[in-house]
Amino acid sequence: MAEFVPAETIEVVKKNCPEFYEAVANLQKEVFSGKKLDEKMQRLVLLAVVATLGDEKAVKRQTKKLMEMGATIEEIQDVMKVVYIGAGMPRFIKAVEAILEVAGDQC
Amino acid sequence: MAEFVPAETIEVVKKNCPEFYEAVANLQKEVFSGKKLDEKMQRLVLLAVVATLGDEKAVKRQTKKLMEMGATIEEIQDVMKVVYIGAGMPRFIKAVEAILEVAGDQC
Amino acid sequence: MAEFVPAETIEVVKKNCPEFYEAVANLQKEVFSGKKLDEKMQRLVLLAVVATLGDEKAVKRQTKKLMEMGATIEEIQDVMKVVYIGAGMPRFIKAVEAILEVAGDQC
Amino acid sequence: MAEFVPAETIEVVKKNCPEFYEAVANLQKEVFSGKKLDEKMQRLVLLAVVATLGDEKAVKRQTKKLMEMGATIEEIQDVMKVVYIGAGMPRFIKAVEAILEVAGDQC
Amino acid sequence: MAEFVPAETIEVVKKNCPEFYEAVANLQKEVFSGKKLDEKMQRLVLLAVVATLGDEKAVKRQTKKLMEMGATIEEIQDVMKVVYIGAGMPRFIKAVEAILEVAGDQC
Amino acid sequence: MAEFVPAETIEVVKKNCPEFYEAVANLQKEVFSGKKLDEKMQRLVLLAVVATLGDEKAVKRQTKKLMEMGATIEEIQDVMKVVYIGAGMPRFIKAVEAILEVAGDQC
């Protein structure tokens, strides 16, 4: 769950709802053990999902995680173009702005 | 534009708004000429976007297109798991039901 | 409320929750007494809102209502183009398909 | 997972992705063992969530489940009024229509 | 309308569109005079709706209002778990973060 | 594309994806050459779309653009009332707050 949420938030959920936290952590593990797509590819898909939802903070967190995993800015751009036609200009703009804050001028 | 829309609908848009149609077709061509991700990968991303929007018909059209392009049911499943945590159970269910109608019991 | 809902549904809401029904009907009257925009223009705006939500049935109802009020297919097309860039291809397609069912080949 | 999905769909997910299915089923069990709210109350909340998403089939499934658990039509109406102000008229209408199909004229 | 909006915003709407303001205030009164669910319960439902929309500010305002009305953090947690499966991880995270800002470490 | 995005963001997209940028700019030109509705009217529609998406920054950018084009606060209010019934109270509040920041007390 760590890459979705600031550390303090995780600690609160873990402390207050330990069984729920376990179930969520376990589910996340199952999600990202893809049969065919590797985790980087699945996280590029998740980036598109949170961009479609218009969630700037989640876009930043996923971008950070993706760059740590070795995703390139070209791969992220290829995802963003799909977001443009799939979810429209405003969702594209919001996501690109968030990515720029994380990836800087290399973007 | 053809794989997004039933043929008659395309014809109507093309006839009534030819310049708009051209601009959309041209944009779509640019979107799917990814620098790093191939078209199949970009369409798996689009599948996640339309599943997040809860658009059953678009899920069916993208699934059909993906299978024509050689995507496997395992790849589609790996995308759907991401939709579950990214967009929630109801969006996952709606998309899985739509995929089953297209992909049958091999799914 | 009548143009939003099939007649039987209205009757049920009216019978079961009469005060709520009154409040909603009264609000709707206030909404559509625009200071500057006339009702047709406000309903073109509403058409864009329900298209953005991906609500096919509401798109059909608003289109029917708009045509009764004398809106032309060109006005509806001008709204739909905005939906394309504002909400993306899938929302545009879903709305255009719904409008075609109501407006036929004159669209 | 059973009350979210038609039986055949469950069987397919269970057969093809058994670990994922287990993780989802386990999470759902944790969700509905509320500390303070009972399951009926939590499902009324879920009804509002799926109505906000505009998911007609999920509204029908949740309504059916709620009526089996002894929820009354008055409780469902109290939820729907909240959906009206929280998510707007079109989401309210779509949900009420779906509920009427399940609950009939007693609604 | 007061608990939805900062005081200055209300004053502006009230001054500029007095009849519309009246109609909205009246509707809100009808919504929260539930037949079976009390206002606290209806506001827990509204909390789920605004969390599903991904509206952080509205989540904070509803949480504040709920705590003034005597809702406990356990009740809010039971709602949030439903948001997780109903609307997905990112909507859950966004809402939990907003609630933490209002409810502090007692959460 | 300029009125959708801060200047630096445009420059980055233009530099990194010049063909995509061209295609988007061209599409936007086609969208806003309405047959019947003038650009101001189409942008009032776009304002409703971005308000429905809950995108505060886009609401501010569109409001600014609209006021430059001579739209009055009454026209914007007539659009916002439609957003209230079409997309619900929280989307209305979020948009009104954003408009107030741009239009000040004349709103």
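Points worth noting:
We just call them A, B, C, D, E and F in the order they show up, numbering each chain from 1.
Everything below uses one rule, namely that a contact is a pair of C-beta atoms (placed from the backbone, for glycine too) under 8 Å apart; a residue touches a chain by one contact, two chains touch by 3 or more.
Every value quoted in this text rests on a predicted model; they were computed, and no experiment measured them.
Minimum number of contact steps separating subunit A from subunit D: 1. Across D-E and D-F, the chain pair carrying more C-beta contacts is D-E. Among the remaining chains, E is positioned farthest from subunit B, on the basis of C-alpha centroids.
When chain centres are set by their Cα atoms, the one at the greatest distance from subunit F is D.
Between the CA-based centres of subunit A and subunit F the separation comes to 27 Å, rounded to the whole angstrom. Note on chain placement: the centre of subunit B and the centre of subunit E lie 35 Å apart, centres being C-alpha means. One simple way to say how far apart two chains are is to compare their mean CA positions; for subunit A and subunit B this gives 20 Å. Looking at subunit F, residues 20, 24, 27-28, 30-31, 49-50, 53-54, 77, 81, 84-91 sit in touch with two or more other chains. Taken as a contact graph, the chains are fully connected, with every chain touching every other chain. On subunit B, the positions that touch subunit E within their shared complex are 84-91. By the touch criterion given at the top, residues 19-20, 22-24, 26-27, 29-31, 33 of subunit E touch subunit C in their complex.
Residues 4-6, 8-9, 12-13, 16-17, 20, 24, 28, 49-50, 53-55, 57-58 of subunit D are the ones that touch subunit B when the two sit in their complex. Looking at the complex, you find that subunit F touches subunit C at residues 27-28, 30-31, 34-37, 41-42, 44-46, 48-50, 52-53, 72, 74-75, 77-79, 81-87. Subunit E meets subunit A in the complex at residues 54, 73, 77, 81, 84, 88-91, 93-94, 96-97, 100, 105, 107.
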